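Below are the structure tokens for one structure; questions will follow.
Chains here go by letter, A, B, C and D, matching the order in which they are written, and residues are numbered from 1 within each.
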Amino acid sequence: MRVNIGVDVGGTKIAAGAVDDNGEILALVRKPTPASSSDAVADTIGECVKELAGSYDVEAIGIGAAGFVDRERTTVVFAPNLAWRNEPLAEKVSQATGHRVVVENDANAAAWGEFKYGAASEHSSAVVVTVGTGIGGGIIVDGALLRGAGGFAGEIGHIVVNPGGQRCGCGVLGCWEAQASGTALVRIARQLAADSPVYGARMLKLAGDREITGLDVTRAAQADDPAALECFAEIAEWIGIGMATLSAAIDPDVFVLAGGVSESGDLLAVPARASFEKSLTAKEFRPAPLVKIATLGNNAGIIGAADLARR
Amino acid sequence: MRVNIGVDVGGTKIAAGAVDDNGEILALVRKPTPASSSDAVADTIGECVKELAGSYDVEAIGIGAAGFVDRERTTVVFAPNLAWRNEPLAEKVSQATGHRVVVENDANAAAWGEFKYGAASEHSSAVVVTVGTGIGGGIIVDGALLRGAGGFAGEIGHIVVNPGGQRCGCGVLGCWEAQASGTALVRIARQLAADSPVYGARMLKLAGDREITGLDVTRAAQADDPAALECFAEIAEWIGIGMATLSAAIDPDVFVLAGGVSESGDLLAVPARASFEKSLTAKEFRPAPLVKIATLGNNAGIIGAADLARR
Amino acid sequence: MRVNIGVDVGGTKIAAGAVDDNGEILALVRKPTPASSSDAVADTIGECVKELAGSYDVEAIGIGAAGFVDRERTTVVFAPNLAWRNEPLAEKVSQATGHRVVVENDANAAAWGEFKYGAASEHSSAVVVTVGTGIGGGIIVDGALLRGAGGFAGEIGHIVVNPGGQRCGCGVLGCWEAQASGTALVRIARQLAADSPVYGARMLKLAGDREITGLDVTRAAQADDPAALECFAEIAEWIGIGMATLSAAIDPDVFVLAGGVSESGDLLAVPARASFEKSLTAKEFRPAPLVKIATLGNNAGIIGAADLARR
Amino acid sequence: MRVNIGVDVGGTKIAAGAVDDNGEILALVRKPTPASSSDAVADTIGECVKELAGSYDVEAIGIGAAGFVDRERTTVVFAPNLAWRNEPLAEKVSQATGHRVVVENDANAAAWGEFKYGAASEHSSAVVVTVGTGIGGGIIVDGALLRGAGGFAGEIGHIVVNPGGQRCGCGVLGCWEAQASGTALVRIARQLAADSPVYGARMLKLAGDREITGLDVTRAAQADDPAALECFAEIAEWIGIGMATLSAAIDPDVFVLAGGVSESGDLLAVPARASFEKSLTAKEFRPAPLVKIATLGNNAGIIGAADLARR
């Protein structure tokens, strides 16, 4: 049976899957990301491919890597977490496996997965907003990934939604991920609980001896705790504003909320949609783009990378 | 000689030009926009074409109209200033002239002009930011206009740069054009002069008996008046922030500043570029997109519309 | 049959009613408020009483007047609209009619009406918030009107909810009535429509040739117009904050929203209650005070004044 | 000689005094508050009473406790610091001592002390504002404590003076105690000194190796240090705004500033009075309520509680 191999190279784990033409993962392996060298990463990917390839007819390999990828989709120009510079990843993996290899930014690969087989599969344009530790994403216009002049398109976590606001990990003040990521959610919740242990009591109780986590906030919010709902409301407000900005520039059919925080579902999506519609221009003259929750979970990156390698 | 006719339909004037394959305007006519009916507009366009067509071999007609245009580029779905709804403009003008007609949003047409023959002609992707009464624009990605699911892409005047800030004409608080258009420049200057007639003395003197205009602010700024420079600095700050946001999403090669306010040149471009680079993410890892001033002036719309009609 | 006469002395009209022990108005008369002199006002009240007294056994007369009333409830110390200073109103009306007379501030009288026979009749403490042109009100604690050391208690329109905010008619910045009255609602709506005629189109259409009124905002909001709902949301936000402040100081059983703006019912009450609960302290440890809509309408002042005259 | 015993139950100490009919404390004892159980607290109060009762004829015992007290003044419904819920404190202490017992909120008891024997003893209505770690207080209207429908009246530390401002310990943003307590004073001073060590040099020098305390700010302000005076000015601004709000609602004869921060006297009272008069409505038509500094110091609670137990 013919498959493409999709590989998701993260800072701590490499996950690879054999994916059929319907976007189904037929087999999956995970290995720790070797810290030693970039060659070791290519070797590990090679091992994953060998384990998976056994009983399948492999067409090609798609790799999603956390970094900026060149226009030829062969080289990782820069990867902050892996300390790579101009890494010819496609060539190395191709030599190690004998297969054709396509490299893509990991968030783009995951967005592509949702676009082809997930929440946006019925649409021709989409913005996938992955709300996790940071905010990543991918933009699909008229059926094609928007990659940008330097491979920096879709870095939507760094649209500036709150100039002069929260300092972002990238140094700029008020980036979307500084205001609305899971990290922001936890920061807001901890600050609230530090300022008002009484108001934050439910989250503090769930946290016990350790610090409040995103899961604590989600659980408290699911139990209608007003303080936790206020934390979600704050990031949702920013999520909506960012989507309104992206709509004005790109006008997609649909926004797909993905990533860990989006797993809270309506806790995030309902107030985000309200904020979105409040800040959306020309709303009197058109239906607002849809806002959906992602459906592929952690596997979106593997499925998307595999598909991107398809001819 | 073969030409395409480009038409720019504004709220008060219709301008049409015969444009050759090098983007040169060989002949140009202007007529008032008839307020009576949409048929009258089509008729007037027809008259312009007849006047221009005389000695040329007309391939096709391109029309840039201030409104939202359908995906087939034949119908103006909605035009706020012209009070049109679902106006079959291409069909009407085609019947009146016997030529093939393509309709496009006017800001998109002007952006396309700058992309093909103006400041961005050496690039494959560009964002044109037209700073006039409002802020309009157009986005070109990989050589193609970004039109959006509902024709609303490139409405960059309505990215939200200052949530909760100045009320925009569209109703939303803090849109780019509410913060950084020529109208904003004048609002800022008048407020400054009202608050401090001493500080705003130069602009007030230029204005004399009437209220301060954008031209007064520009002239005062050109003479190094600190108050007027401060007004430019404020809108430039917002211009830069908006460009940083668009870079994170779209990553173009170049931003082209067009429109009346951009004619002030470095008064706007220098502080806008500084603000842009301050808010641009990942600036350590890549060259910032270029920021250029438009070169085609008011003719960009005619030139762009003509080219869009070309096969 | 025994009645008390309740009189509501406004800037333009004097309304008087014969009220039975159940708070029912058995007969009612209205006359223009004479502008000539304070004696003329007393005379007009006397005429009203005579017209009403005919077939009833009058116990006493209660007068609600828009001004500050002394502790003996006989003299209007100061009435901004009537230009009275130390007016011995009780004595004059008593001489003119031969009945015992009690004078009270008009907002207090109306609040007392709602407390005894209206929305708060089942409670022992209440704050009545009358949202009309301004914000007035009355506070009832343990069954008694809170009158204050100088008769200034219950001037709740002038609690400062937004320091440095909107200038109030009284000169202070950020008073409750400057932020949340019907006048504020109209100011917000007109500003919104001036800034964005597109967004405010529905209210502008209802207004036609004249300026937007409170009724226009209410009608548009009832038809789910987002701009009108945003106007209500803004004053409701402030209404809720003010109620939270009054709860912290006074802790009533119930807030009664009265006055013209409150006639919009849930348009005001629902977002006001949400804002109230967000700003209410110790909400984890107690039920929030109730928020109800007044039930007596314009007659609350007559009914309350009549009852206050009862022994 | 006949006395009443007043007891002030704090989080760390229990103070009890034998108080005569003139509000004089004839004898006083202090013991640590037992953390073990609520029974232990009742026992300790019993021991205090026994030590004091020796040579006096005890009429009754009044207890001021930091918590919400029921309307019968026998049970502490909730005490945040003592972790009590529905504690029948009056019954327990009565059984332990054989005396009649009245329980009151501690801030109310202290306010009552100032009202009967302290700074407000010549007035019939007063608001006592206790500015310490937080802001507490008590409201006396027409000679009676305002207790509220649920015992929450007089929680004036939680009137909202700055909506959206500093998060309060209760969870709400912008409560009076979040903006104007001793804790706020210290927060403001530390922030100022961190932002500008040069400007904050005097306070930093007084603090030496440790963090700036309220005493450092007071000492520096007493020596005319402009930075420390600015810190006092900021909380005084909020104090004044809060008093203006309470005046509009309650209209007392006098405000009494009590608590640790008020011991700085004119440092707080002078700018607070200025801010108060700026935000007070109708100031043209009446004398502003007085603003006085408390005179009973830490003993106000004991004296007030003792008096509240008097028939």
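Annotations for the structure displayed:
In the analysis below, contacts are C-beta pairs under 8 Å (C-beta built on N, C-alpha and C of every residue); 3 or more make two chains touch, one makes a residue touch a chain.
Going by UniProt, the chains are A, B, C, D = Glucokinase.
Everything numeric in this text was worked out from a predicted model, so none of it was measured.
Two copies of one chain, chain A (Glucokinase) and chain B (Glucokinase), touch each other, and the residues they use overlap strongly: the shared fraction of interface numbers exceeds half.
In this assembly, the C-alpha centroid of chain A (Glucokinase) lies 52 Å from the C-alpha centroid of chain D (Glucokinase).
Chain A (Glucokinase) and chain B (Glucokinase) have Cα centroids separated by 34 Å. With each centre defined as the average position of its C-alpha atoms, the distance from chain B (Glucokinase) to chain D (Glucokinase) rounds to 63 Å. Shared contact sites, meaning residues of chain B (Glucokinase) that touch two or more other chains, fall at 168, 170-172. Under the stated contact rule, the graph of chain-to-chain touches falls outside the line, ring, star and complete shapes.
By the document's touch criterion, interfaces exist between A-B, A-C, A-D, B-C, C-D. By the touch criterion given at the top, residues 68, 77-78, 123-125, 139, 141, 146-163, 168, 170-173, 175, 241, 244-253, 278-282, 285-287, 289 of chain D (Glucokinase) touch chain C (Glucokinase) in their complex. Per the touch definition, chain C (Glucokinase) reaches chain A (Glucokinase) in the complex via residues 198-199, 201, 226, 230, 277-278, 283-284.
The touching residues of chain C (Glucokinase), counted against chain B (Glucokinase) in their complex, run 191-192, 195-200, 226-227. Those residues of chain D (Glucokinase) that touch chain A (Glucokinase) in the shared complex are 80, 166-172.
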